[in-house]
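Before I ask anything, let me first share the structure, which is written out below as structure tokens.
The chains carry the letters A, B, C and D, assigned in the order they are written, with residues numbered from 1 in each.
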Amino acid sequence: MTHTTRIKVRGYHLDLYSHVNNARYLEFLEEARWSFFEDRGNLPRFMATGLALVVVNINIDYRYPATMGDELAIETTVKSVGSRSGVIHQRVTLAGRDTVVAEADVTFVVFDGKANKAIVIEGETRELLETMQNAN
Amino acid sequence: MTHTTRIKVRGYHLDLYSHVNNARYLEFLEEARWSFFEDRGNLPRFMATGLALVVVNINIDYRYPATMGDELAIETTVKSVGSRSGVIHQRVTLAGRDTVVAEADVTFVVFDGKANKAIVIEGETRELLETMQNAN
Amino acid sequence: MTHTTRIKVRGYHLDLYSHVNNARYLEFLEEARWSFFEDRGNLPRFMATGLALVVVNINIDYRYPATMGDELAIETTVKSVGSRSGVIHQRVTLAGRDTVVAEADVTFVVFDGKANKAIVIEGETRELLETMQNAN
Amino acid sequence: MTHTTRIKVRGYHLDLYSHVNNARYLEFLEEARWSFFEDRGNLPRFMATGLALVVVNINIDYRYPATMGDELAIETTVKSVGSRSGVIHQRVTLAGRDTVVAEADVTFVVFDGKANKAIVIEGETRELLETMQNAN
């Protein structure tokens, strides 16, 4: 089953036009990714490795303006895992409906804090990401 | 001359890794766009029309992790104006240096609040955007 | 039973010192207040009245620095209801523990959007607030 | 002369009621405090000491709802310096006018990161804070 995070739209999420502000969606997506890694990916173990997933690109479509009281469902999946980078796909809908609110590809690299550089995605990290990819 | 907005990185802009959080960059870009329209585009007049530029896609590369005390320079330009949508390009560098911190294409449509739909970019709005495009 | 909202601390909630930033706590408190009014206070009905609770003072103690992965429990209660203003008390602890992270009194007035002024707290609004006060 | 920071209210600062959200004011105040320490207080030297000013209480009055396009002037002063804590006073007005938008007392302690505890405010830190207090 696809991992889903639910977020209720509150007054402080809105902006000038009474719609969820476009920067706020990136916080919603980050919330959903942390939850995804926590539920599916052994987050404590990964964080203990000293490696980090560092976002290098976000490509987000804003399709429908969510507003006060809307309940959002954010589906998060691993779309692909290459040798140098991977892509997480995230899709925000109105909960229980087909309306797509936003959709994003989030490209990341695996960063080694000690070596201070991005590294090849292999070994245990690759296994973890592939397991998460196949879990849907 | 390319329009430039300067932002100093503060403690509250950072996140877990002591770098500017990726959602926060979208606020920096929005700040720069408001400033750009204010300085180059007769913002009050545009807002009085009841039209709004609504962002439909942001494609952002994160290239270099900005941190506490960095001064960022955000260049904002109109990249293209089509009949249905336009693209604003924004480039964040460390002020006074060549280091590119982030770079984004922001695609927008012109939304008519009364008609509640996106409209063809023509007339005064097109002129405004083209003037801004050629100002660089 | 005291109304409780749970929030997990994520990477984007932190700041320079890897602790939850003090502005972010105000978003956590607002989240908890919306949830409180939704669960205990017939929020849709109240919002339909055209009245709004407008915050006029927040007095917040920061007691313990919450950090990555902490789960916060936010208790929200109506502390007092006067004729011109009321006070909501909110207490943030580490979930399942006694550690108090933050504690705040939030003073509000009831604002009538049509009349564009704060009004005396009486009638249905007073009843609602008093019911919420006694629910603990 | 009292230290003043100017911030223009933008679309992403607003919330449900098209006013600046109350959490956002705390970011404005933090921005002004960083700027104050930078301009008046030798911030790099202070940060190099390994000490940090940690906020333990904020008491903020919201007096006037700022909205889109308003220019805010934030005055920041050191109000008092005790042996265990100090108070910074911050006052937000509409720039060039008398309208007070918000007013806050921010109480801080001096925290020693190595010893992991708040310390007595003395020596160079006290001098710095007293110089800043008397600069107005």
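To be clear about the criterion, contacts are C-beta pairs under 8 Å (C-beta built on N, C-alpha and C of every residue); 3 or more make two chains touch, one makes a residue touch a chain.
The structure displayed is predicted, hence computed values, not measured ones.
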Original post:
If every chain is reduced to the average of its C-alpha atoms, which one ends up farthest from chain C?
Top reply: B
Subject >> Selected interface, A-D versus C-D, where C-beta contact pairs are more numerous >> reply: C-D
Subject >> Between chain D and chain C, distance of the C-alpha-averaged centres to the nearest whole Å >> reply: 23
**OP:** With chain centres taken as the means of their Cα atoms, state the distance from chain B to chain D in Å.
**Re:** 28
Original post:
Rounded to the nearest whole Å, what is the centre-to-centre distance of chain A and chain D, using the mean of the C-alpha atoms as each centre?
Top reply: 34
Original post:
Which positions in chain C touch two or more other chains at once?
Top reply: 11-12, 17, 21, 23, 27, 30
**OP:** Could you tell me which shape the graph of touching chains takes: line, ring, star, complete or other?
**Re:** complete
Subject >> List of chain D residues in touch with chain B within their complex >> reply: 8, 10-12, 27, 30-31, 34-35, 44, 69
**OP:** Would you mind writing out the residues of chain C in touch with chain D in their complex?
**Re:** 17, 21-24, 26-27, 30, 52, 54-63, 65
**OP:** Spell out the part of chain B that touches chain C in their complex, as residue ranges.
**Re:** 11-18, 21, 23, 68
